[in-house]
Amino acid sequence: MKIKGAIIAAAAVMAVSTAANAGTLDDVKAKGFVQCGVSTGLAGFAFTDANGVWDGFDVTFCRATAAAIFGDPNAIKFTPTTGKTRFTALASGEVDILYRNTTWTLSRDVDLGFTFLGVNYYDGQGFMVRKGLGVKSAKELDGATVCIQTGTTTELNLADFFRANGMSYEPVPIETNAEAQQKYLSNACDVYTTDASGLAATRATFEKPAEHILLPEIISKEPLGPLVRHGDNEWGDVGRWVLNALIIAEEKGITKANVAELAKNGSSDPEVNRLLGKEGSDGDQLGLSKDWAVHAIAAGGNYGEIFERNIGESTAIGLARGLNQLWSKGGILYAPPFR
Amino acid sequence: MAVISNDGDGFRLGMLVYDTRYRSYTIQIFALILFMLAVAWLLDNAITNLALLGKTFSFGFLFETASYDINQRLIDYTSTDTHARAAIVGILNTLLVAFLGCITATIIGVIAGVLRLSNNWLIARLMTIYVEAFRNIPVLIWILITVAVINESLPAPSGFRGADPAASPFLGGMLVLTNRGFYIPAPIWGDMSMAVVAVFLLSIVAMFVFRRWARKRQEATGEILPVLRISLAIFFLPTLLAFFALGMPITLEYPELKGFNFQGGVFMRDSLIGLWLALSLYTGAFTAEIVRAGILSVSKGQSEAAFALGLRPNRTMNLVVLPQALRVIVPPLISQYLNLTKNSSLAIAVGYMDVTGTLGGITMNQTGKAMECILLLMTFYLIASLSISSVMNWYNERVKLRER
Amino acid sequence: MSTSHEPFVATGDIPASPPPSSAVGPIAWVRQNLFSSVSNTVMTLLGIYVIYSLLASVVPWLLLNSVWNASSLQDCRSIDNGACLAVIRERYLQFIYGFYPNEERWRPVVAFVLMLVALWPVLFAGAPRKLLFGSMLYPAVAYWLIWGGTIWGPIAVMAGPIVGIIVYRIVDQVLCRLMDEGIAGILAVSGAVLVTVAWWLFAVAEVDSALAAVLDIGLEPVASDKIGGFLLSLIIGVSGIAGSFPLGIALALGRRSNLIFIKAICTGFIEFIRGVPLITLLFVASVLLQYFLPPGTTFDLILRVVIMVTMFAAAYMAEVIRGGLAALPKGQYEAADALGLDYWKSMRLIILPQALKISIPGIVNTFIGLFKDTTLVIVIGMLDPVGILGPIRADQNWNGIVWELYGFIGIFFFIFCFGMSRYSLYLERKLQTGHR
């Protein structure tokens, strides 16, 4: 009867799939879009609106990458990945680049065979508790029930933290953020733990955010950044320098509003000119067009603009820049020079 | 194979296809070659892919430190133990929920199946609603609903606090129902407690010996002893006597509210209870149908014949109807046990750390050894399934009607 | 004139008096069915209590105090304390279509209606047989409608078997003159299969783009990650059901075959698939399948899941059908042999029609199980109805909502599965040829 359906579809899709391991940049150019792996849904970082359009902090970086390559921030497809599927999705070539709150660790870099392109958000694991509990510090959490979202480094940090402080706890590992939140909200857990940015994002969606506090302890370093497969350096370079370009753009005051004008008229700062393709041949070296960075910045603005629009203090998420401020302003955000 | 054609023509290539003597070999060799080519192709791809990604295929990661914690554990485990031990903790958790689930599913199924055949119109309809509701809605949704019921409707431990608590334990502190799980008293084994346990074990043995003897005696003399009452007495009395005679060496530890949670007692967490309950109710609905079909399969003439022989109703049930119904009930029942065991892998949805949650979950995520982990996971479930189905085959063989 | 009394002779039957009121009518029925004994009475009272407490908690919540018009959970709670059905009202389209683009949503609807049309000749014997050919085209049509793209892709794929048949005809003709007929037949069949596969692998894309360049008829393409909700369940369920049926028959025949090697492969496959939970197979689909394909091959996650689900259901289906085959009396096989029918003819004309009829309840149960199992795709991050809960609860407006959503999903599955089981009853009754 309809067994053919499966065969037909298989054949159709097999026929159009191409070998991806040669050079990802060439493949991406050939297929006409970037396949970007993102989270299945985390307020502020990657989420879909009611029409299914992706938006958020990580998503904007993906779009900037697409814009740098194609001049079009919409030449992109998103693959929602869970903590479990993200690495295989990348390793298998299902996605070209992974922008999904992924912590840069040695084993992921070395053992799993990925290349981290930099850090787009410096994070750390924190704790959220109900105000009514009267807890002021994570050191008071002995014996507490802790909800964790699995598939991250979170459960390892948690185990380390409680062991180092000689405290006991009841871990409740949950697969999805929504379920974990539900448990926390129904008071089946005392504590909810994940990256501080994620906690803030989660708290923002609560009915009464004011009833929950984030504890002051940050128990881990979580440099979150984009990653690609090992061994494809040209493609890695593109992703890395798009990220750097957005950081430098903030440093040099290039914004979404003035980037077109600066690109046309040039600037007195030679680095800006090099970045925007007025001088030098950065674009050619990357295998991109001359004005790649102009498109990348025009897609969502510079780093600071992306931050403010998606997760900054004016949004419901309300994150302060903190470590993610530019190095010149007290943070540790520091892009290598364009030269 | 060595059938030599005797029509004088000798062997022609066409006979490989048209001659039924050779055709089966042709087809099989063709299939064999195709199969081996497919396997070789898959393996070659896997090796190439692994090499491309710079990965190795090894189980060494099992002996590295797991460094994550597991809340529900039957054996000692800390975050400094190895992945292998974490996997074993997970396996034991799977077996625990499967074992508990099979028992309750059978009880629920038998009750519901019998009640569906009841003369009572209302009860029969109610049971039909139960069976249809659970059979037609995915088990995953039932699991999520049961856990949500526990989480949302029961009080949190903090509700038990204060001078005028919003909630209180049941049965004088014996049973505490919180939305994080249920607490029951834990036995504390005193000095002479092993003696009590030994008496208990001995009395179980004695009970079986007695039942055997009673049956032999009945076969020999025809005299029927009140077997049930005597075996119950053998089961309970010596143990109780020993317990009090030795000065009650086994005491109970009651759960107490300390800090964030209750401490002490046996803690059965919400995910275990929810999973257990949902799996039992779900499988129970299927079991009910099996039991009903089994009872209906025994023709009415059988029980009428037994009554005509003068057997009382309960003896008719035990000696005539049940043995025949069981032959129909047990094989599908065991495959339901198998389904329950496999469905317990949905624990992952509610955070119960079964083997899919440890080995196929956190270990796989942390080590990135997807192929090895999934291979081990499948091997475990395969072994479990094959052992259950070999029990089934053994039973089928035993109760098979001897056709004459 | 006689005064003596005429003896009474009844001229007709005296009408039977009505049974006493205690034996008929509702009261008697109640007495007989609900209160016939003490234990029965107790059970009835218990039953009434259970029904009362269920209704007492559900009716006010769901019907009396429910809120349909609200923009958020807080709104709902401030209006009334019943079910907040406003969330269903606002999001039901997302439950049905996932993130399928708004303006394209007529396409899945058309595909669904066409599915019913295509199923009609399959499910109901009364329909004109010719429609079956239309049903065979349905997969390509549905694929095109749901995923979009040019119309030439599915047409090119469907053309594969036609190309194969043409190749078979030609090769067969040519070779028959050169060599033994049997060998020619085998070569022609293998040639045709090879050409068909090669057509799919290498020619489809070219034909597609060439024809699209000439005449660009097509629909807006929709990516797989936009497909979710009940649409996704139906896609996976229906293609799994359609695929697992023929595959299951083949496996069942293989397992009962005399060819030892084929039997071994089929048995091994069936026991392996039945021995592991579907979740692990879904892990394989999402995580491992890539490793076993040539480097760089990727294909759609939905397709990978459909393949795994089909294999899973096929193994169960094979066991059900094997049961049907085993239940047929041996005489049927022997009679077929005695008529001189070859293996395929005897299977097609005699054995399978009867065996399948016996297995109908089991087959439908397998289908129901498969359809329910589509919810498991949530563990690999697909947005089936249960997966849609995530985005909804991540929304500030609906954070913390539970029962309404579970209930909605549950009712949907109940309607579909219950419908299927009723259909199986109908089929059983209709095919009952009354031999007993």
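Note that the chains take the letters A, B and C in the order they are written out, and that residue 1 is the start of every chain.
Assume a residue touches a chain if its C-beta (ideal position, glycine included) is under 8 Å from a C-beta of that chain, and two chains touch if they have at least 3 such contacts.
Since the model is a prediction, treat every value here as computed from it, not as a measurement.
Of the two chain pairs considered here, A-B and A-C, the higher C-beta contact count falls to A-C. Comparing the centres of all chains, each the average of its CA atoms, the largest separation from subunit C belongs to A.
Distance between chain centres (mean CA atoms), subunit B to subunit C: 28 Å.
Taking the mean of the C-alpha atoms as each chain's centre, subunit A and subunit B sit 42 Å apart. Here the spacing of subunit A and subunit C, counted between their Cα centres, is 39 Å.
Across the assembly, subunit C contributes residues 287-288, 290-291, 294-295, 379, 402 that each touch 2 or more other chains. Across the assembly, subunit A contributes residues 21, 84, 88, 91, 175, 182 that each touch 2 or more other chains. In subunit B, the positions touching at least two other chains are 52, 148, 152, 348-349, 370. On the side of subunit B, the complex with subunit A involves touching residues 52-55, 67-71, 78-80, 148, 150-152, 156, 158, 179-180, 258-261, 263, 269-271, 348-351, 353, 357, 361-362, 364-366, 368, 370.
Across the complex, subunit A is touched by residues 73-74, 94, 98-102, 122, 135-136, 138-140, 142-143, 153-154, 157-158, 160-161, 197, 200-202, 204-205, 223, 225-226, 239, 242-243, 245-247, 286-288, 290-291, 294-301, 303, 306-307, 310, 379-381, 383, 389-391, 393-396, 399-400, 402 of subunit C. Chain contact summary for the complex, subunit C toward subunit B: residues 33-34, 36, 40, 43-44, 46-48, 50-51, 179-183, 185-186, 258-262, 265, 271-272, 274-280, 283-284, 287-288, 290-295, 368, 372-373, 375-376, 378-379, 386, 402-403, 406, 409-410, 413-414, 417-418, 421. Looking at the complex, you find that subunit A touches subunit B at residues 21, 83-84, 87-88, 91, 107-108, 111-113, 133, 141-145, 150-152, 155-156, 158-160, 162-163, 169-175, 179, 182-183, 186-190, 229-231.
Listing the residues of subunit A that touch subunit C in their complex gives 1-22, 40-43, 47-48, 50-52, 77-82, 84-85, 88, 91-94, 175-178, 181-182, 185, 204-207, 316.
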